[in-house]
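What follows is a set of structures for review.
After this come two complexes, each holding chain A, first together with chain B and then together with chain C.
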Partner chain A sequence: MKIVGVSSCIAGLAHTPMAAKALTKAGEKLGHEVKIEQQGAMGTIDEITLDEVAAADVVIIAADKVIENEGRFKGKPIVRVKIGQCVAHGEEVIKKVVAAIEAKNKA
Partner chain B sequence: MIVSEEQIFLDSPLKDKKAVLQFISEKALEQGVTNSKEQVLTDFLARETEYSTAVQEGIAIPHAKSSAVKQSKLYIVRLQQAIDWDSPEFKVQVIFAILVPKEESGTEHIRILSNVATQLLEEEFQQVIFHVKDPQSLLKKLNIA
Partner chain C sequence: MKKTLQEAKDHLMSGISYVLPVIIAGSLVVAVAKVIGILFGHTDLDVFAKTSGFFHYIYLFQNVGWTAIGLLNMILGAYIAYSIAGKPALAAGFVGGVIATDTNAGFLGAVVAGFFAGWLTNWVKKNIKITGAASGALPLIILPLITVGATGILMSIVLGGPLGWINTSLLNWIKGMTASGTNSIVLAAILGAMIGFDLGGPVNKAAWMAGNALMISGVYMPAIMVNVAICIPPLGYGIATLLKKNNYSDEMREAGKGALIMGVIGITEGAIPFSLANPLKLIPLNCVACSVGSALTIALGAYDKMPPVGGMYGFFSVGNGWAYLVGGIVGAFIIAIGANLLVNFNETKSATAEDANENLDEIEISFD
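Moving on, here comes the complex of A and B:
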């Protein structure tokens, strides 16, 4: 599955890059293509392009504030997850999101 | 340097979260990182009320992005015993505390701190921080280049 997303926390220091890494790492392990854009104190890192949005099966938003440019994801299934959950349980988050999208596609 | 031996405290006997954050705030004052340990502590605690900074079993990353902080610093405290960190899931034994001036963003310091934060997700590095014997060996393993 192709998964894109955005991580963003209040200070933008630690949870933002940690969530991005945890989800990407989980994707590698579980065999999914995951790219997470970081909106943090370093500005925007690994920006998700419109082409990547178009190709994605699902969008994960791991944020505890309003993210920038959410409009580009319009029309895509969006899953919102607490950023702390992504940091602590990246694999479970990816598994749940994948299962939800698979169930939706079957229906 | 964002962190040196002077910011690393291994096997501290501190027993609760507030005492740890107080200790770090005091060190920050002693070491010229702030002029107000009270403000740093207040900012640490304010962040803790949002949601717990315990990120994995045994590890917390409290942070203060504060007008009272003059330069970015990383403090590392390892406790003798794991303590409660207001997390429903995790006890905490190792604390990576981040102090950053309020307006700082996009700098080399922030980049280094981000690297260290992501390093905490690596199992190999977790083994190092729980078992390392002295600050120097820990510094060698930290991704602070």
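Moving on, here comes the complex of A and C:
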């Protein structure tokens, strides 16, 4: 499954990269293609392009604030997750999101 | 209703994320100027306002910091509005934030102004339509006129008085609380425990926001209590890896070095990888350590002399800076010793694998 997402926390220096890393790593392990854009204190890192949005099966938003430029994900299934849970349980988050999307696609 | 509240909280947090660099930059600049003054025996730089030469330059430099701190309400109002309605809301947010400062409505006023400006901008965008040749007038003339005008009227004429009164009363109440020894120790213990509870999660951020919001309004004691507590968990686990090396895998020892640095500069999140090893035992330990450390700092007589700077090196911005250091280090050692007694960090890998399936149920995801 192709997954894109955005991580963003308030201070933008700890949770933001930790969540992005945890999700990407979990994706690798579980065999999904994951790319997470970090909206942190230094601006945007690893920006998700429109092509990547178009190719993605699902968008994960892991943020405890409003993210920049959310409009580009319009029309895609968007899943919101607490950023803290992504840091601690990246794998479970990916598993749960994938399961939810698969169930949704079947229905 | 719950969704609206969650959204409102996110907008507030977005506004605060823009304010953060300004607070930090401003308080650091003031602190640097003050420290240079103190090194030369001048505790008050204001006496150099009308002189010339070196100390006048230092005085001017200090004013740069105060200028940055003075921007806070304006930026907060503007970026809450920006978070709600994007660029068109900025003008009204800026103006509302400045009026909040002018009417003494402070942080509270800036928040109200930001939300009002944002929501009003969305309303105008949705409900006022101009067609034909004059349609270009809407974004540049009509919308700013309505949003800036209405936000201005609300903040200065309608709410200026009452919000100013609420804000001033609130500040006086908290000032009174931090002036009395016992109450301020209790406050420090509570704020400290909140910081330690979830290391960067919502409870931690609530305490942290209270400290910063009050700092914007010139009440510095809560920020000192929060700042020292923030350093304790990462510093504690960093020290723990040094005290009992064989309790940690190579990877964890390496993380310990990073945690030490994060403790010194004041990033609580550095403690997360360690606390995850056994949250049931370690979260209470974090709370106790932060609570004791923060309360001890205040009990030993730390007081506010300038806008406090975060991190352990922030002690120079605190009156009786040694109390800040002692509080921080005692708190860190409570974690360092406690964690080594309670948890064997070598065994954590297998434990987390077993928990994985239970965790699956706790993770909340929601679709739009």
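One rule holds for everything that comes next: the second predicted complex is superposed on the first by the 107 of 107 C-alpha atoms of A that agree within 3 Å, B and C clash if a C-alpha of one lies under 4 Å from a C-alpha of the other, contacts with A are read in each partner's own complex, and residues count from 1 in each chain.
One rule holds for everything that comes next: a contact is a pair of C-beta atoms (placed from the backbone, for glycine too) under 8 Å apart; a residue touches a chain by one contact, two chains touch by 3 or more.
Predicted model, so just to flag it, every value in this text is computed and none were measured.
Enquirer: Give one word, clash or fit, describing how chain B and chain C relate on chain A after superposing.
Expert: Chain B and chain C clash in the superposed model.
Enquirer: Who does A:G84 touch here: chain B (first), chain C (second), both, or neither?
Expert: In the superposed model, A:G84 contacts both chain B and chain C.
Enquirer: For A:K95, decide between first (touching chain B), second (touching chain C), both and neither.
Expert: So A:K95 only meets chain C here.
Enquirer: On the superposed three-chain arrangement, identify whether chain B or chain C touches more chain A residues.
Expert: The partner with more contacted residues on chain A is C.
Enquirer: For A:V66, is the partner it touches chain B (first), chain C (second), both, or none of the two (neither)?
Expert: second
Enquirer: With both complexes superposed on chain A, which partner does A:L13 reach: first (chain B), second (chain C), both or neither?
Expert: In the superposition, A:L13 contacts both chain B and chain C.
Enquirer: Go through the superposed model and pick first if A:K25 touches only chain B, second if only chain C, both, or neither.
Expert: first
Enquirer: Would you check which partner chain A:G43 touches, where first means chain B only, second means chain C only, and both and neither mean what they say?
Expert: first
Enquirer: Going by the contact definition given at the top, which residues of chain A touch chain B in one complex and chain C in the other?
Expert: Comparing the two interfaces on chain A, one with chain B and one with chain C, the shared residues are 10-15, 18, 41, 64, 82, 84, 87-88.
Enquirer: What residues on chain B touch chain A, complex-wise?
Expert: Its residues touching chain A are 47, 50-53, 55-56, 61, 63, 65, 89-90, 98, 100, 104-106, 110-111, 113-115, 117-118, 120-121.
Enquirer: In their shared complex, at which residues does chain A touch chain B?
Expert: 10-18, 20-22, 25, 40-43, 64, 82, 84, 87-88
Enquirer: Touching residues of chain C toward chain A in the complex: what are they?
Expert: On the chain C side, the touching residues are 7, 10-11, 13-14, 16-17, 20-21, 83-84, 198, 200-202, 205, 262, 267-270, 272, 276, 356, 359-360, 362-368.
Enquirer: So in the complex, which bits of chain A are touching chain C?
Expert: Residues in contact with chain C: 9-15, 18, 41, 63-66, 77-82, 84-85, 87-89, 91-93, 95-97, 100.
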